[in-house]
Structures are given as structure tokens and as C-alpha cells.
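Letters are used for the chains, namely A, B, C, D, E and F, taken in the order the chains are written, and counting of residues starts over at 1 for each.
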């Protein structure tokens, strides 16, 4: 596990899993640290991504991301149900030593106020990753959501 | 990532993910190229696989696969909903340098005409893979479907 | 694939997948052999894990595990539906050469008496693994179940 | 589209159907008691029950039942419900009960005919207690050419009589067969839509490109039969032109389909008379048989309604008793290629019936037309609809005053 | 809380609403026929239908319909149901039908206006058969300032008249716009709760911390309008104090939000009059328009009821016709930031309406109060509820004897 | 099985039950108002509410409620529904409201007793407005031996009286306990089936192999009690023979279970009188208490009906106040081993009640027998059913003319 691409891929996968875990455990401030300062995080439905490019949201840069974290920490009054972000079909394409793109599939389950756990949403991540000071970070994460009718409670991080 | 089995496993996983992505993006003609000329693709329910061997379908060879692709491209009038084929629990067993078997779990989500995304089907792939001209291909993919009552729209590639 | 951590991680993942496969194929006696003699297997809801530590069950040691296997093999009269335990987000932390911890996400689907396959449960595994005589085994597996309202048939291995 | 515009059709509920029959929960509820509880209902092929204690469970309308072979090889049916406190005796779709069913709740036992043969600690029930009060009510079972039916109605005519004009045709196609296995799928639509689809030989060339393109340039032959009572038959010769299909495939996908290298297009490893008529027989109210290409494909389908707008189709594939291992293997691999919700033909039929249920919501379009074939008599051309009218004629009689 | 305690409010179903209007399945069913089948219902922005054959499908109440542009550029609507046997002509939400819709079941064809133009093999229907009996019933279509509405009711007043006092305001905010795209989401609640939420300018400072904190220390201005008939408007100046919001954010998360480096807080790359009033217009019964920050955000929402306690909201984002690529890109990326179930504002509104549906189950708390603003006339202050009372006044009239 | 065959049982709805009580939606609806809204309903153990503002929310029948501890340590209950426009004040199952609940929609505030203490900008409501009209209707709360109950019925008898003959037994097993935590699960069956299962000591040796095999060769002791009004008790000595169980385990799995090395079979790290009777107490209508093996396992279960055929069971595990850390840890790890839908005993009970609901669909098997124990008086042997008849006797009285 010491050298080369293999190492990178393992580290990038670790970043992705860490991201899911922080989100699922509602550790939003730590989630923030997984992005570069100019990091971008956005979501769009599959249909709109194919057609018109109308985003659900697009946070560009640390300040936008901080705003989202602030909303998650109480600037929304929406209840935060327990989520589980499962990742699969992870394909990583190294661009250069410190840069890569990745695509992966996500499926989210969510436990509602009634205690019932349900399928929530699924889709594809398109990620752009960079290594800064020995640490891989998201420079861009775009979540393309399959759901044509979004769930009611959809303010959780996707 | 240069040598040995590890390389192979990565490449085989890449083939599987590529397969899922082509299917989910409805790039059926490219899907065809993931099979050897004598490639076989079949599906069967878990119950029938245990008991009597009654297949849902069994495409043997490129011509049968081409027929399926033709059906997918319009010889069926069934609507093609957006699918997501998530793969997990991938176990690869090398047989020799250019041959391997693999088993994996699939879970499919599908977005219906009403825009609602739902769990669709799940089960196990049994794959037989070969390397031809530096490229791993499916020589056999058998999808064993857990669903005892199949969904209504089940002509999508599994 | 011969040496070092990488090898270990592959072997540990293989153990996890083997565990899922044995459970899903109802090969309970072989499942037993995946645990050390002092192995522990337990389950708890996410909420109780956060709050009070009230377990659903906690099997400590081979004899408790054997009792569970005996229940699964007929000491329960509950029907055993086909399950599929999908694993994702696997993070392995080596502790020393022959010891590691791992966390992962599980999502279980289950086919009911009516033949319909449904989402069943999901959550997180916390594993403690050791290598004994060249074989990785579970020393501890704790399943933290997201479901706040458990499904009706929940005696299957989680 | 007003009632006044349709007089030539006769709003008699056989030529023109009020679409509420597919959407009204009350009609559905009535169908359960007026039709499903009074007709003969297919449960199994006798080859599925081999030895004593072998059973198959099913739901007839909304009633859970068990069909079981007894020690003497006779088939019996009874409700799948313990007379003590109601638990089903089995949750499995098939199995073997051994000498008796033992209820998992309080251990009451019932023999292979549903008779109560064991009540633990009966003394507590007092002196008046007699065990035979607790026999499970039995259900009539009759067999026709290897097909096992039940009727919840003690007064129903015998099965042989019930099969009526369909009997000989059914016998012809199922005799000498045995079960290969089953598949099931669900669709969001009324159960009658699938049954009509079977009685409908007008749709195939439009619904199924693989059929329509094969018919290009061909004068299509065939007949449509009203079979008393409630049954129907479609009978038509094999006429498709493979080269037309191949050309259409090329247009569709740009792929050159070389069917001579495609095993799906080859002769099977058993004798088939390719000249034989295809036959599709509908048995009232919810059973369909297909005997295609000289028996290359031979299947039974039964509709299990779940709700007014939800149905499970249960398909039973048939093989020939005693056929060779190669023949059997071919059947197991190829029989369903066109069938079930994954099938190259049925896939489109599924789409059609789901689309119908969606369209039925448009209350300004209240009628469906089934009037093709205006001649008197009971036989029309391939695309006529005598078969469907036969169904609705019987449907109306069974529903009685409850029909719309 | 008894009826006796509430006399000053008048239990007239406009100031005080019986909560069963949100929970009674019978009232819901009646709303489908008394309201959704009789009012004008928004279907599309005309920019969504470009060329001949372009269509949009929708469900109006429970009726599937198609809106289609014909060869001459005229818009037509008709039911999405084949007159033959009911199949919907399309399952897609939008598309192009070419010269005609061809039903996938038996190949009957219908032109861009729903007229039956092709029946394969018609002879089998006999002599009395005339194809135009099988035209799909057409539906009225009218357009207002680029917004395309349908009415299932042939007797409904013309759209212009229907828009009533809301007309000029609606025209002002949608003229010169075009569609950017749509998003949809579902919530577990009655459709009226979302519509009320739009007509409600009392809630924002409590429901939305980002609004409430921005208003701290400010005397909030604005007006609430009853617009005949059934419509309403909220109109209020931009007053929030960003520094108050930043301070509240810091309190909430401990994070210093530097809004001057946050692109979400920057001026858009197009001219906007930041002094202009925000305007939120509710069109009876299920349409809402928002024109915010001088048109920086301009959206339409329509409610598609699924059940008495389940609703789909369909949101259409608008851009300015002919705006620059940079402007358009900005709109595509930013318009929904506050909207939809993922939005920074609507997220909380979703929570509110879901909580209301949960609370409606408490039958001991049977009334909801909408009586803010006691003055006569049709205009009140920002937090008044003339707009909601306008809605319920029309609701009561449409429901007639069926109202509670 | 006809009515004529059953005269010795008396079709009085206590000895023989019409199975429609488990399947008829109308009966279910009536139970919500006639039973759940009129009886005392368990909500919490008082140890779950520690300080002022601590609350637990619940659904009683179909009514959302809040139980909250006030500043003075008194418990209050009121509906979980804002009097303004209906939003529930909390969506959480438990929490702390601080000094008051602030409704998230328009910021109305309600104190820990549900009194309306804040209405923002009240002037708009005009002169007649008085805030106390908007107090949330309060609900009766009473406590019995640390168990907190509510009754939606102002006329219900006091809890002490309601507990009737069950009172002393309940007090004995819960006094000195505190809550360890809760688990919930759902099953597809009527709520009464689970309650009956608790009142049923005939089933265990058949439903649970671990019980039945332990009883082999043993004369089983114990009693069954009718406790007024509607309650019941099962009381029986610990008699199982571990070696019989071990032998049966070996037969079942082929595994040699060495229970002396199995911590589940060891004495707990606290004093237990292994000779003490097991006690299972059913409190009308939906509460069950189990005190097993001298209190080694001590739990409460409450049934929360979701629909006529769907129920959530809520289980509360109890520990002894002040017990050692080791004792507490043991309880947390072991209490549920046999319980919940994952439990070694309850797993099978779940299967049984689900099977019953499936079997109830067989309308030809219309009655369930609960007549074990024919003697007069209120106490029978272990396997008798006085306890169940006590339940149905009260059920019939509460349902009144609505009973079948």
C-alpha cells in the first residue's frame, strides 16, 4: 500500500467513505474540511442534467459550503433523520499525480420521524479530486439524482 | 497497479462497473462489446435456479445478444425507465492468467413513468470472464434474481 | 497480492463477503466458523447505541453463537426468506499484523412469503478481526441497525 | 363520444364495455364473490404433486387454500386456515406436509384432507367438544387432462361440463405434458385486461414489432372463436417472414441480425410440426393456455387479482412427458424467451395493460369497444373479438344484478 | 376549544376552517370533481412547446390529459386515453408525437388535436362504424401571458375573466419569460396546505431562521391582498439586514460566514432592481407564482394532488427571454437554491405542511384560524390573511353543498 | 363448521370469536373511538421523564399527544397539535422542550402544560381575541406504580380503579424499576392478536421449540386468571429441563450446545430467586407486562395499532433502580435475547400472529375458539383461557352496539 496509483485509489475511496460517514453521523463541520477552498458541491436531477442544466443547488467555494453547513446545523428547522449513504460502482481515473476524477453510484436510505427506514434517493456522483498536502479533497462533487419526484425531506446532504 | 492478479481484479471490476454504466445510460450497442463472440447472458429466478432450471431467458452467442439489443433499441415498445445497477460483494477467482470467475450482488433501482424511483430487483451475478487482446470480457453472465414476483417492467437489462 | 496490508485488506473483504454469502444461502454452520472461539456477535438499534446501550442480542463466545445457529436451523419456526446482504463503504484499519478493525455499511433485502422482494434493514457493522492460522476471523461483529421500527421477520442473521 | 353516438354497437356490456369494470373497487369486490368463488379455478398441473403429502398453496380470489395429495394419491383441497384460531397451516407455496399439517401456533394437526386429527389437551374444552367440528371445510377438486382445478362453490357444475366447448381444445394441447416450473410477475392493472389481451388477436401486429414486421406483405390468416361458456380461442397459422423481421431489426438498431447463427431461431432438438396452427385458449374467467409453433412453446397462465388495479400473473411452463434430456434442456432455456414481464412478446403486453389502466382514469372516455366481427355465429376472422364477447357474456351472467 | 369559545371568529369556513377539509377522503374526492374539473389548471409555459407535435402530458385532478401543439402552432388538449380500449397514448411527461399519436396497443392513430385519423382494418366493425365517434374528447385550452391552462369544464368562464383581479399582477411578472426547466417533489400532506403556505406571510419570520434573523430590529412592511375570485397576493419590500443574518449564522454553527466571498450573495450578472417589491401570487385553486428580488428568482408552482394526504409539487423555473448566456447560467445554477424540498427556504415549508397533516389527526383540535386582518376591504398588512380567506371563499362556492 | 355445530360453546363473542373482529376496517375504526379513546393508555415509565421540559410524544389510537414534565415535576398531557393551524409541536418521540414548545410554523408558544403563552402580533386578530381559547386541550394523566397513563376520556374511572384486580400484581412487578430503553417493531396483523398471544399459555410449548422441548416429560404447572375488568394473568413456575433442551438442540442442528460455557445460560450478576413464578399480566386493552425468572427479564409491551392489519409493538425494558453497573450491563445485553422481532421467543410469536392474519381471509372458517377452561370462577389451569375471555368480555362492553 505504499506507492503509485493504487495508493491513490485507496485514499480516494477512503475520502468518499469518510464523506458518507460524516454525513450519516451529522458531523457537518468535518464534512466541510473534505473540500478544497474553491470546492464545489452541487445536485441536479438526472432529467435536468440531460436536458436543461437546472440545478437543485450549486455551492461554489468554501463560503457557500459553510452556508450550507450552517443551514444543516439549525438554520433549517427540518428534522435531520438518520441517513445511510451507500457507495458502489466506484471508478477512479487518475489525471496526474495529484488529481483524479471519479464516478460512483450512491443510494441513500433514511429513517423518518415514524422510525421507519426507507429508500430515499439514488444516483451518480461525478467527482473531481485533488491532493493537497498529502490529503485528497473534493474539488468538485456533483450529485446527479435519479429521482424524478424528489422526496419530501431532501435537505440532508446528498 | 502494474502487475499480477491485482491488476486483473481491478480490470474485471472495471468491466463490471462499465457494464452497469452502459446499461444505466442505455448505451446498448456498447454493452454488446463487453461480451465475447460466444458470450452468454441469462437470467433466472432464485427459486427456479434452485429447483428446476427454468430460465427467464438465455442468450447464447453474439447473435442472440444482438437480438436483445435490437429489442432494447425499439423492437420492444416498453418504455425504458432510468435504472441504477449497484454492484457489491464482488468476489473474483482467477482461474488462470486470462480467465476468471466472479460472483457479485446487484441491486437495481428504477424510475417509473410517474417519476418515482423505487427498488426494482436484486440478486446475484455469476460471471465467467476471459481476457482477449488485453481486454476482459464476459464469456458468461448469469443473473440470479431474488424476486419471486418479478416487477412489471422487466425488459431492462438486468 | 502477496504481501503487506493490501493482502490483508483483500482477505478481510473476502471474509465479509463470504459471511454475507453464507448467510444469504442459509449455510449457518459454516457461518459459525467465521468467528473466533471467543467471538462476539451482537445487534443494536442506532438509537439505543447512541443512548442507553440496550442490545437486541449479544452472543458472546462460540457456545452462544452455536445456540443462534441452532435456532436458525429449526429451533425457530419462523420462515427463512431469501435475503441479500449487500456490503459497501468498507473501511479497514490495521491494528497490527494479525489484527484489524473495520467498519462497513450493510443493506438487506428480503423476499417474503408472498414472493415480493423488499428493502428490509440497513445500518453499519463495526468489526474487530484477527488472523488465526493464516485465516481472518471475526472476533467481534456488532451490527448497528438504522431501523427505528424493526421489520416483523427479523430473526435472520443481520 | 356520447351514448347516443354508439347505438349501432349496442351498449350491452359485451360489445361495448363500461370502463368502470376495471376501476370500481365495488365491482372488484363483487367479482371476488360472484366469479372467483363460483367458478373453477386452476391451481396446479398434476405433475407438480408427486407423492403423498405434497401440497401447493394458492389464493383463490381472496381465500387462502391448500391442495394436497393424500396417502392414496387422491388430491384434496381445503382452506389454509386453522380452525382453532386462524393461523395458516403453511406459508410456503409448495412443500410436503408429511403425514399431517401441524399448526405452528398450538399444535393442532390436520391430515392431508384437512380433517382435524389432533388437539393437544382437549379436556379443557369440556364434554361437548367433538374434534370433527374442527375439520377444515373442504373444497371441491377436479382434474381435467392433468390440470387440477378447485371450486369454492359446492353447487358449481362439474369441471368437465364447465370446460364446455373449450374442453376438447384444452385437452388436445395439454395432454401428455408436465410442468417445467413457474414464474410470477405483477402489473399495475385490472386482471381482466390481461385476460382480454389473450383473447385479442387484433393487437399483436401493432403491439409487437417482432410480429408486425414479420407479417409485412402477408395476408394474415386465422380464426377467433366464442366457446361456450365464457371461453374463447385464437387459432392462426405460422406465417411470419423471418427476412422481413431481420430487415426491420436492421432499421431499428442498425445491427445486422444473422438469425442463422442465432440459436433462438434454430429448430429445437425435438420433433415439431411447424405447419401446425398456433392456439391460444382462454378459459373463463382467469386462465389462458398458449400452444405455439407446434408445441415448441406450451404455457399456462393464471391471473391472481391483488386489487382492482393490481394483478399477479402466474405462468406455468409445460414440457412433454418423457422427452429427452436435450429436449428438456432446450425447453428450460428457451420457453420463456418471449414470455413473462421480461419476455420479448409479453414485455409489450405488460406495457399495454398498464397503459390501459392509466387511461381508464379518463372518465370522459367511458367505453371500450370489443365489437370486431359483426357476423352471426361464433367464429370470426383472426382479428375479430368473439372470444372477448364470450368472456363478457359469461361475466355479465355471473355478476348478475351487480354488473354495471 | 369549543364552538362556543369562537363566536367572534365566525365559523364561516373562511376565517376558521374545519380541519376535516384536509383529512376527509370524501371531501378530497369531491374537490376532484367540484374544483379540479371545473377550474382553469396550469399545464405549461408556452415556451415548453416549440414545434408541431410537441406535447406535454399531465394529470388534472385524476384525469390524464395531453397538451399538444399542432401543425399550425395552435395548442390543443385532449384526454390521454385511447377511445378504442383505453391505453394512454403516451407515458412520457413530454415529447413529440410526430404527425400523430399512434396507440401502442392496436395502432389506432390520433392527430395532434386528438381526432381519430386511423383505425386499422375497420371493416370488422360493420357498416355503422364512423371514425369520428372515436375522436378523443377535446379539452379547452387558453393562454394567459404565455401560461397555458386547460379546463375540463366546457362551461367555465374564459381564462381572462377567471384570472380576475390577479390577472394584471400575473401578467406583469411572467411577461417576457420562458421556461428554464422543472423539478417535482412529494410531501405527505393535503394540497391546500402548500397553497396556504404561499398565501401566508405571517409564517416566514418564524418558519425560516434565514428570514426571521434578517428581520431582527426591522419594522416589517408589506401587504396582503384578497383578489377576486379565489386569488391572493403577498407584496413586500426587500428589508432584510444581511449582517443580522451573518450574526445569527455564527450563533447557529459557530462558523463565520463571509458573505462577500459567497457567490450566492453577489449581484447576478444581469440588471435587477433590488428595490422592487417581492410578489407572491396565488391563483385559485392550486397555482402559485413567486417573483422575488426584482425577478432574480421567478418561479411557478402547481399542486398535483395524489391523495387527501399526499401531494406532488411541480415547480417551473423561469428565465428572461433573450437574456445572455452568463445570465442564463446564473439562473440555472442559483434559482432553486432556496426552492424545492432541497431548498433553503422551501425545505422548512415542507416540514411545516407535513407537521400540519400530522397534527390534523388530533380531532380535539378541530379548527384552524385564518382570521388575521379584521378590517373591511380586501387589503391588509403583510401578516394578514385576506389572501387565504379569498381562497376559502371560492373553495366554499365551488364545493357548494359538499363543503363542510 | 356451521353455527349449529357450535352450540356448546356459546356464540357469545367471548368463548368463540367472530374473526371479522380482526379484519373489518369498520370495527377497527370503532375500536379507535370506543376503546382507545376511552381507556387508560400507557405512555411512559416515569423514569423516562427526568427534568422539567422532558417530554415523550405518542399516538393514542390515532391521536398525537405529548406527555411533558413541568417546572414542578408534575406530568401533563395534551394533544400534539398547534391550535393555530395544526402543526405538531414536535416530531420527535422524546426530547426536552425547554420552558415552552415553540411551534415551528408561526412561532406560537405553549407551556409545558399545553397552555398558549405566546401569539406573535396578536393585534391582527382583533378585539375579541383571547389567548386562552387557544390552549391545547389537556388530557388526563395518572400514574400507577411508576407507570404513566393517559386517558382521552374525561369521564373514565380513575386509573387505580381501572387497574382493578390487575393492580396489585402490576404493582408487585414494576415497583422499584426504571426504564432501560425501548425497541419497536411492526407486524402485518391485527393488534388484538398480539395481545391475545400474551394472554395465551396454551401456545408456548407448540410455538416455541425451546419451551416445548424443555417441558418434555414434565407435568406442567401454572394458572390462568380472569382479572376484572378486561385484564388477565398467566402465572407458572419455572420447570424446564435444560438437558432436554440441549438434546433437542442437538437433534435440530447437529451441534452440541454446551450450555455451561454459554453466558446466556449463566446466573446473572444480581440476586434472583429462580423459584419464583413467571408472571405475564395483560392490562386492557393493549398493554402487557412480563416478569420472568424472578425478574431476570422484566418488560412492558404496548400495542400501537396502525391499521386493521398492521401493528407496531413498543417494548420497554426495565431494570432495578440502583442496581450495580455489572447488573445493569448484564440487563442491557441480555434482556432482549428472547424478545422483539429478533428474539428467540418473540420471533415465533410474530410468525404466529402474521399467520393468523393470513388465515383470517378464509371466510369459510369464521370463528376462533377461546373456550379452554370450562369451570366456573376466574382461575383455571396454565393452558386455560380465562384471561382472553376477560379481554373479550370488556371489549364487548366498550364496543357496545358496535360489537359484532
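Everything that follows uses one rule, which is that a residue touches a chain if its C-beta (ideal position, glycine included) is under 8 Å from a C-beta of that chain, and two chains touch if they have at least 3 such contacts.
Keep in mind it's a predicted model, so treat the numbers as computed, not measured.
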Work out which chains are contact partners of both chain B and chain C.
A, D
How many links in the shortest chain of touching chains run from chain B to chain E?
1
Greatest separation from chain F - chain, by CA centre
B
Please state whether C-D or A-B has more C-beta contact pairs across its interface.
A-B
As a test of understanding: of all chains, whose mean C-alpha position lies farthest from that of chain D?
A
Nearest whole angstrom, what separates the Cα centre of chain D from the Cα centre of chain E?
45
Cα centroid separation, chain A vs chain E, in Å, comes to 31
Rounded Å distance, chain A centre to chain D centre (Cα mean):
49
Among the residues of chain A, pick out those that touch two or more other chains and give their numbers.
6, 77, 79, 86, 88, 107, 115-116, 119, 148-149
Using the touch definition from the top, which residues of chain F touch two or more other chains?
91, 104, 184, 186, 207, 348, 351
Interchain contacts, given as pairs of chains that touch
A-B, A-C, A-E, A-F, B-C, B-D, B-E, C-D, C-F, D-E, D-F, E-F
Touching residues of chain A toward chain E in the complex: what are they?
28-29, 42-43, 45, 48, 51-64, 66-67, 69-71, 73-79, 148-155, 158
With touch defined as at the start, can you tell me which chain D residues reach chain F in the complex?
59, 62-65, 79-88, 91, 103-107, 120-121, 124-129, 133-137, 152
Inside the complex, what are the residues of chain D that reach chain B?
180-188, 207-210, 248-249, 252-259, 261-264, 312, 317, 329, 332-337, 340-344, 347-348, 350-351, 354
Chain A residues within the chain F interface of the complex:
77, 79, 113, 115-116
Within the complex, which stretch of chain A touches chain C?
1, 6, 14, 17-18, 20-21, 82, 84-88, 107, 109, 111, 114-119
